[in-house]
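Each of the two complexes below includes chain A, the first together with chain B, the second together with chain C.
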Partner chain A sequence: MFLEIGNGRYPSLSTLPIHAIIPNMTTLPAIQTENLGRIYRIRGSKKEAARELVALRDVNLTVQPGELFGLLGPNGAGKTTLIKILTTLLSPSNGRALIAGLDVTQQPGQVRQLINMVSGGETSGYGLLTVRENLWMFAQFYGIPSAEANRRIRELLEIVGLSERINTKSSDLSTGLRQKMNIVRGFLTDPDILFLDEPTLGLDVGASRDVRQFIRRWMDEQPTRTLLLTTHYMVEADELCDRVAIINQGRVLACDTPANLKRNLQRDAIFRLEVSPPDEATVAALATLSGMRHFVRRDEEGTAVLEMILHEEAALAQVINTLTQSDIRILNLQKREPTLEDVFVDLVGHSMAEAEHENNPAV
Partner chain B sequence: MNQNRTIYWRSFRMAAWLGWQIESNWTDPFLFAVYSFVKPLSGAAILVVMYSVITNGAFGSPVFPYIYLGNAFYQYVGAVMTGVSWAVIDDREHYKTLKYMYVAPISIPIYLLGRGVSRFITGSMSVIITILAGMWFLHVDIDVTAVHWPLFFLSLFIGVVMLAMMGLLLAGVTLLMARHVGFMGEAVAGALYLFSGAIFPLDVLPAWLRPIGYAMPLTYWLELLRRALIGSVADAFPTLSGYSSGQLLAILTALTLLFSAAGILVFRWCDYHAREQGMIDATTNY
Partner chain C sequence: MKTTPPYDVLARRAPKNSGAHLFWQTVLARAYPRVIGQQREKSWMFFDVVLPIIGVAAYVFVYRAIQAPEEYVGFVVVGGAMTAFWLNILWSMSSQLYWEKETGNLALYIIAPNSLMAILLGMALGGLLATTLRAVVILVLGSWLFHVQYAVVHFGQLVAIFFLSMVALYGMGMMFASLFLLLSREAWHISNLAQEPVYLISGFYFPVKSLNFWVATAASLIPLTLGLDAMRQLVFPSGATLGFLSVRLELGILIGLCVIFLLAARFLLNYMERLAIREGRLTENRR
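Now for the complex of A and B:
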């Protein structure tokens, strides 16, 4: 059986055997956190006193088996910290995390039988080994018979467009191809619960699209598979995830389906204005208009983009008045449907990019 | 129990395979063979030249084979002990795969011990080359028919296990350190060189330093290897001459068990705290 992905036709993965699922796995939540928190103690130099950085605060999440769950938030929001705890790499400071009912700190060995993880944006792997050897070795660590591992490797490399490089040393691969190899490493073991931390970070548009299609297909093939994906790309979360938790500064601010999250904003009027660069006084005046609910300014080449969530459409008149009084030219005006970015702005008060700067002031 | 055994075996087997791939594939086979010969011979040559200058070429003295064999077998310390602990740095800093090993259903201590196998093999090649060079060119008189082979292989085996477990202890400490940790294995091997009777008997040390040497299993291990190969060398120095080979073997075994227990406990403690501190995937971006 073949499936169409992008411009290619690929063999189906439906023949892959699935790991034995532990009893009650389908009735227990795949992932559950209870008041989960993590504090890092950071010391700049030996003379400085350690300061505390709260990476996660009282996170309560439940992900059911079969869900493709997204964690959406800017860099520094706590997404990777949460994945590290769930994959047994990091101990929580408070609360607890369960994978299929198993405590990640008390039963890490059993948890690891059920999971796998891929981090995006990195070039991990043994450069001296070929693509096949790297993947085969990890398959062996998971106890997959050699012949079966080789079959899966060939199939998965075909799907991600890396089959011609199967015998290339991984040090000779580009960053993007190496990342694809790592993505294959995650799926190769066919885990019951897969954690993908920013899987498309650093990939080009086409490769990102292929990866997203593959993720969706992998989930659709087997209803008990669970996937937790972190991203700061709105489109990725919107397109892929059954449910999304929006996270910022270690707190989960909202958790629902993308459609439900956006539905709350549908009664609001959302406009995008492209204007000549406004002065600070005009920006301040716009931000304090009575009909303005949220306002984000973004500078582009020679122009400025104003993203606005208004209480009602009538408030647009106030906006246009303010702009014309300040001799600001309106180049483009567009009313649009709410996006997850608008949901984030509505929850946090500013855009994801601004939140990212706030979380990582040195960046 | 069976599942644990399977996990231990596949962790060890694949780690040994990976270690060998890394150890042997960094260059082409010819250069690797040349390097394997030149490295141990250069190390031995430095010692031989120094000995020759200081003693006016007294190669007939029992001191020479004492030093030569001690130095030859000490290569295992650097190879096995730092081989096990270096895997943490290699995987965490260089290949950035340590976190994926931790997420996989394997036993990390067994994996690290497996990574030391390739260093044991290359270390053994170095030791054999050094001893053969000593026998053929420097009059290190080893009578192959008079060697106490059972004692030699038993001592060698116990000693390699002891070094691997000391490597595990170091690996644990390495997990908790991010910066400049690469020097630690060499520093420990260098320090133990002084206190193990590798190139001089413990009697040469000040009396207050000798207990360190007596507490080190390496001291008894090197003595046993020398005795097994050339009995007369051991008799030339009084330090451990009061002990029979059986007594030395018992002390070595007891100290190996002690250090193995310490290695396991320290690794567990460090592993727990590495998770607490978020050190499993911490890189220094060197």
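Now for the complex of A and C:
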């Protein structure tokens, strides 16, 4: 049995580790998609005709070995669909996806030797088993010898601060601790390419920070490891990722380093105004000001926050005039550096929360 | 979060087995939760032992009231013990992949580099080991309570029949696991539907020979029918006269059922995996 990759022909994977079989693995892109698309057929009830939902459209991405790559987008943007395709759980409707040069639909068995995945809020494992037993079980599915698995489990649990709960049944863990256990499950098997789908979903600030630190350290320890992270938290993408692709409604809108993405906005003036709640006419007037590039309104308790990207700083005078003419009180005014949220607003035309609502109108 | 050495786990690459070693490692690892779970959830002692004994007692009293041959009491006790396996197939084995999908485990099983067949085999092995303990407790307790006498005719054949019945039965359970997942999101309705009728047509509480020949033949598709019939022939003095088919023939049929069910399980599992990947809906966590 031989495996064909590019022009090379390598021995069967069943007898050799993948690193021995694909010697040029580190020179191939870790992840590559070409015009990747996925359409779901959705049927409300048996009587209804199926309708099509386009989850991904012509996605072209290349992630190099050693990169920590982020997919940033609102819920329903297509991030999880992309991860499912890359982890061999879903076939694409068009285009193709390659993991270390291996086609995920043609060579899923070989791809699975290289990857692992952790999803935010997952309830995997068995509640009757302890943390150690659950992790040991999953390690066995990847062929890690039992003694080595137990050693890795102990060390990893210690790093994430879960060592005291090693013999606690997983059903007795809090959400945050359970997610830490899930994270350890993903790293335990030492994958070459790890997929983290919203790994900090539902975690408190402290636990999220711990998880982010752990991810960064894991990447730093082995330069050949690759990690693809999906998130809808801007800070997470900004803090962790070497490069970020912004995705919405199944399309990749931009892909670059967080610094480069934000640099494009640095010539613009970005302001955050906290004001007394404005009426609709004032909001409409603000949105149509000539100097206004993008405008997002967010209501908070008793006040409203206006996030604005202006073509130039001078346009701020028009904004203040409009507000004072409408008797709107300015409570706070801040000029700030662009964030990835601003990049998203600039690309999509509205905020991530609004895009989320648009993608999932029922929510 | 500890950020300082001496932990080298993040830098050290993990050694990994492959091939047959990985296959059996997976089987044992997946069997583990079943066996260990039974020790941690003691409620089975009531639900899986006391309740079947009560069911057995009802039949014993009826047979004694109508002065049926004393072997019938033994038939009922053996049948009562074997119900544990049928219940395990229906409520645990068959609906297992469905529950694995609901908890998100199925997706993790699919993306792991092992064979899904190893996962299913592990579930079967774990279920078999855990259920055997329950069945033995029912058998011992029932035999003691109702003074059942055994006279084993051929020990080797008895072991072979039990072993083949279990392989065929759990092979059928593995096949059902994929089938339940493919056909139904509400797998327990099918389990409900299959539980009592199989008690009847497989002759759990009476010799299957008492049924119409064609009904008994159709019921023989369920491995416990012939397994029970053969075991009764081998452990009770008058068992042979009440047997449906000869033990040798039943042995042959059980071998055939083992092959058929294991191959069908493998085929359906591959089909289910292909469908899951094509449609993406079978790996959804719908909770």
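Here, the second predicted complex is superposed on the first by the 341 of 363 C-alpha atoms of A that agree within 3 Å, B and C clash if a C-alpha of one lies under 4 Å from a C-alpha of the other, contacts with A are read in each partner's own complex, and residues count from 1 in each chain.
Throughout what follows, a contact is a pair of C-beta atoms (placed from the backbone, for glycine too) under 8 Å apart; a residue touches a chain by one contact, two chains touch by 3 or more.
Since the model is a prediction, treat every value here as computed from it, not as a measurement.
Overlaying the two complexes via chain A brings chain B and chain C into a clash. Once the two complexes are laid over each other on the shared chain, residue contacts for A:N321 go to neither chain B nor chain C.
Residue contacts after overlaying the shared chain place A:N94 against neither chain B nor chain C. If you count the residues of chain A touched by chain B and by chain C, you find the higher number for C. Applying the stated contact rule after C-alpha superposition, one finds that A:Q106 touches neither chain B nor chain C. Contacts of A:G161 after superposition on the shared chain: chain C is touched, whereas chain B is not. Touch criterion met: A:N116 reaches chain B and chain C at once.
Legend: residue contacts after superposition of the two complexes on their common chain; A:I144 is shown touching chain C, with no touch to chain B.
Shared-chain residue A:Q222: touches chain C; no touch with chain B. Residues 40, 84, 87-91, 109, 112-113, 115-117, 119, 122-126, 128-129, 133, 137-138, 140-143 of chain A lie in contact with chain B in one complex and with chain C in the other. Of all the residues in chain A, the ones that touch chain B in their complex are 40, 84, 87-91, 109, 112-113, 115-117, 119, 122-129, 133, 137-138, 140-143, 185.
Every residue of chain A that touches chain C in the complex is listed here, in rising order: 13-17, 38, 40, 81, 84, 87-91, 105, 108-109, 112-113, 115-117, 119, 122-126, 128-129, 133, 136-138, 140-145, 148, 151-152, 155-156, 158-161, 169, 187-190, 209-210, 213-214, 217-218, 221-222. By the touch criterion stated above, chain C contacts chain A in their complex at residues 1-3, 7-11, 13-19, 21-22, 25-26, 28-30, 32-33, 36-37, 40-41, 103-105, 107-114, 119, 276-278, 280, 283, 285, 287.
Of all residues in chain B, those touching chain A in their complex are 6-7, 10-11, 13-14, 17-18, 21-22, 25-26, 95-97, 99-106, 272, 275-276, 278, 280-281.
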